[in-house]
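Okay, structure first, notes after.
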């Protein structure tokens, strides 16, 4: 994922704050309500926000999930039904938010971003109230499905705990999704590593910069997520039970691990750039050496043969008498062979005859085996 | 916008503080007073600062807007009418201030800068008092017009709230203006990206540095604006109503988003520089390869033809008997063809015959599609 | 040790927190219990976690050491026997944790990593309770053996103090192990230094980057360890006796020294990269000089001999009368000798004839003697 | 001004602290005492420090100015007359101090440095007591003259306020002097910018580094001055009246502006270095292209003419029959023309025939017009 | 002084803390006891630590100085006599400590390092108790001698004050020693500066890196010393009299000045590296230009003379009729002269004939005069 260099705002500068302007191409919202406790579990698709009120007063933890943000009317009605601040709702539909935590008196507003998948991240917004959890998914993503499964299956902890623990489970699911993505990035980095050692083609510098940029994008999202969790840990307020805190600390730890891995990957990619530039420079050196060896070997010889191609008047004994010698030609060839041998010796001493080309791949593999 | 490397002060070193020295070329001030509440809305152009007193004691929120700073007398009179500190007024007319917040006992003094437009930013200074908002616009800019429109149209919130909310609306309008400007910058960056891949001409390095410098300028202004909002959020004092704070936090969020985008753009531009330098280096490599291939191919051949151009005395059978052979010439041509073929084979093995020139544009386009 | 760019998690995204999933290839746990006081010392291998309860209520300090993490059942049973949090246990078996301190009400949870040895670091996890110390060793490593020896031998301090001092001893043993590893790194750095001065082969850039990356890995682990100790020093709580604090401060000091040394090594390695690139550039320069000297020396001469190889009709006295001179050839050779001498003089003045090649090794050695 | 890389201490290591050792070449001190209030103004040159006591007990604000530090005796006597700490006096005469604030119980000790002028900055030291201000000027600098003028002319504010306001006026005068100096630096930067685009001569890299170093020097002094003012604003104590604080905050703002400008200038200069290196690289490229074009164009042709210069025995019909053709020579010339044309076409396609040399100056000028 | 990349520990990993293992090659300890007050001064060499007790109960300030650390027994006995913590003693004999302050209930433990002299720094450890000052000198260094002299000579302040002032005097003496060392470094930097402008030989890059590394080493020690002093100033406790604090603040200021100078020197050295690399690149450019000028000048001429060396059958009037012209040769020479002149003109226009070689030394000197 390339971190964005363009804004994606649909509101015009100077517009009144809190305008809910949705992307007409976005999927229409589907509202699912899950009510659960240790004994009970009910899952229902709700047709209109007006039906939400009935589900909220059951005294049981309630998870309202909205998938798709394509209808401003529906989003606004949900907001009114749960008494949400209009600025928070605006952030829900403007899906270019960075991960953040906003504390409102009656709920926490949490924005998350999923790990980049095929170049995209999608935004997941959570409102964590006293007895309900409201989540908005930008796209039809599968990140939250395992949590839904765990709720359906009768698992003690998740069904026994409140919506704050459910909120933790969703955050945890979003963060854990980064780990396989990082492994994909590691694959691409190692493929670029192999490539730089084999050929160092000009296209590679773009590949390296793309990796660098994507890593920066991941780093930025995860760093914001870490700050979000840090803020929750420092000021848990009374919306988060003390028993949930170690779990959030575990999440926080995962974000720190992700950042550690991303930083290591960034280091490797930076190193790749140096190796690439050095390989380009070395190849240049090799090209120049070939030219120099060839040219300097033949330049004196070519001069000599040119010398004896001159048409001086042979009637004077001073003018190139060598040409008249009986063994003139063999002697000259011998002379040229000696010159050539001397030059070869000098080049060999200078180490120019060995082809210290691109470093082989085999050696590299050995390093990696016990490397990581 | 290039961030300034020169001062634009008109006061001399050692002058008394609080000197109001205006730029004679600046437009003359036009004072507009808007008085409003939920029911009422009055807009009036005032001829002289002396008339302001009448408008201030209505008990309704009052917005005094001054467009143009070209008359020191008028500015000073306004300052006296509203009892403003002379140093704040000095900052109003010295329009090279960075965005900042200064807290005076009876009002907040806020300096903003509009997004760069055609290389310029203009300064907007706000004095936010208990019942009035005084704004100074350096130039005839249209940034604040949408807010004026929203006041005129009967919109509930802006008319119902006090001048602190109006101040927020102006700050918000100024900040939102940055988003389209960032998109313009993104266009220029992408055009430079295409150019670096096509030709990497020498002029490009200047384009890259100009972009870098402009991005730094934007970053600096927006970072100051963020600090300003942060200071307001941390110490709202009693000049800002609690209900206005979430709106200011939203503004703060926007500045963080702008800085995120600017940082991404800076990354891309830094990458461009590397790609440019690498392209220059690769082209050099290619030039050298052509020279080396051509030279090394013909150097031995030229030596050979020179050899048989020598004028050794043919009466000796030792002197170049090849010249007398019946098939001498065809054999020599064959020898040279073999040498040439061998050299071509070596070059092919070294990979010097493939023209790994500038990376194509098509591939690049593919990346970008799912890139941003 | 290369700092990891891949995750090594065995749990799937979205799995319930606290899943103890062990690596089936890991060695099976061996539980050793040591009970000691100034008079007494008992060491026993325990077959099952169920037996632990008997050892814990002796009122004496008890060190439970678990070597090998290959059986989830055993780890879970130990956790239950000592009432440990399931998230901490999860971190014990997921052995890719960075060093950290987590404070639980009844114990401190400390994660350490041993100095890299053959490219690996292994994780050591400590639970330091009021009267027991529980340690988990990932591999069969010998880092903790000297502490065991000191306990066995009747040494006053370690036997007299509580488990907090024992925890310090283990931390100290882990940290001290870094010093010989740093010396190994220093050996490799100096070997690379010698190599860059001798040959600057293309493979060296990879060696340099590997060193850089390993140093970064060490730095990261030790920096986390330093933070861990800093956290213990700032909030010792009542789990750590005041008398133990100076010892922990000493440990903290050692981590600072390690980081100092690593930073110095990183500096040297960065300098190596510059020297390497400069050596490549200098060698290129030398190659070019040889080519230029040879080519420019012979180019005019080759032109001259070509000139007199032309076949102009000698019947005209204007056409190359030199060819008919009695001393034509000797005069021409003289002319060419003069040209050559002049060129040699120019090259000598330009300093191109001196071979300012790779800087010698002898001088270097001298520097180093009083260097470090 | 190059920031110093040498010490200028006159005291030996291990000397007793508080030794007042003056530079014998420095000008002798001239003591001027100004006593003033709203009604009265007296200026007097005092011959000896002993006379100071009389001036201090008038109950009016008193400004004692000492110009020149060339007499240790006088400095010490002044220190005793005003009961100043010997370490502060030592700093007065060791004029290599960075700007700083030291709070003593009965006075503030402030060290300032003037803007660099002709490569020098001079130190101005202030002691701001309850009713007196003592200032030491290292050289005969004119920075403080405008303040003296404002005192002489009957200006309300400066005469009505106490010595804390006077101290502010001196600080302000020193800081304001930086603005014209920055404009001089901007001139030099722009002249270097023009030069890099025109010729990029080798001397330029030194000019760039000199500018970089001078900017660093200015930045360091002004950053210290900013810290000084920040310290005064945070802990005004009772030596500074509340009414003076907004003025100091204004000063603080000026230092921030200076640092902003210096940072922008540093950015430009860094960019210059990149443009310079890129220009050197591009010129190299151009040189190589000329060589390659010339060499590859003529190398095959020279081979061909060499070919037909061979002396094969023409009696065999296989030996170079072309030489005997009626139109042999014209056909050969045609062949060579075709080869040449083909090569020119290839070079044209490669873009090597266009001279994309140094970027023109005209384009640049266009940028700058709306640039700053 | 190169900052160390190796450990110098003599204790094995896992050894019990507080082991006093001395370097057998170190000089044997010589214990000197100085007792003094305003009236009295006694200096005595003590044979064994057992005699110390008698000197400590005099009620007068006592300075115990230990020169040489070569006897573990003696060090341990001193530690017991003064009741010092075993970990502090361990740091005294492991003389690779960085400067630091450790606060023990009854004394301050201060570690200092002398300025590097011939590549070495030596450690000075101070224990500053209520009525005694114990100092350990690693080597026979003369840094503390001036303080001893000042004590011997009857100087009021040092004899009147307590051991805290004496501790200050020692710290001050150690810090002041850095100033002459910095001047030596400045000499070496300026010599490298001259050298880079004259020749830019390959050895220089090593000199530059050595300087960089040494400056880093100095910076690190002095930065630790600054932190030490900062810690003393922030928490003076009751071991340091209030009157001593301004003196320590003065010391602190000196460390800040040293760091300022070191940073300036580092800047210069960084600049040197750029100038060096640019000089290498420029020289390469020059070499290439010579080759290109020579080659392109003679390549067409050599082709022409080759052309008229061909052996076409002259019986055809189409075959090289020029060879038969009466003025053929002179015309050809004229043609070649014209070609040469045209080429020279082109090279002159391209500016390739001017030798813009290494920048002269004279110009540089001028800069420096008013530079620093």
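Order as written gives the chain letters A, B, C, D and E; numbering starts at 1 within each chain.
As a convention for this text, contacts are C-beta pairs under 8 Å (C-beta built on N, C-alpha and C of every residue); 3 or more make two chains touch, one makes a residue touch a chain.
Given the structure is predicted, the values throughout are model-derived calculations rather than measurements.
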Minimum number of chain-to-chain touching steps separating chain B from chain E: 2
Interface residue identity across copies chain A, chain C - same or different by half: different
Between chain E and chain D, distance of the C-alpha-averaged centres to the nearest whole Å: 25
Chain A and chain E, separation of their C-alpha mean positions in angstrom: 41
Sites on chain C at which at least two other chains make contact: 281, 284, 288, 291, 295, 302, 306, 309-311, 320
Chain contact topology (line, ring, star, complete or other): ring
Order of the ring members, counted from chain A so that chain C is second: A, C, E, D, B
Residues of chain C defined as touching chain A within the complex: 2-7, 9, 11-17, 85, 87, 90-91, 96-98, 100, 102, 104, 118-120, 199, 201-203, 205-206, 209-210, 212-213, 216-217, 220, 273, 276-277, 280-281, 283-284, 287-288, 290-291, 294-295, 298, 301-302, 305-306, 308-311, 320, 323-330, 332
Chain D residues touching chain B - in the complex, by the definition given at the top: 143-147, 149-150, 155, 157-158, 172-173, 176-177, 179-180, 182-183, 186, 189, 246-247, 249-250, 253, 256-257, 260-261, 264-265, 267-268, 271, 274-275, 278-279, 281-282, 284-285, 288-289, 291-292, 295-296, 299-300, 302-303, 306-307, 309-313, 316, 318-320, 351-352, 356-359, 363-364, 367, 370-372
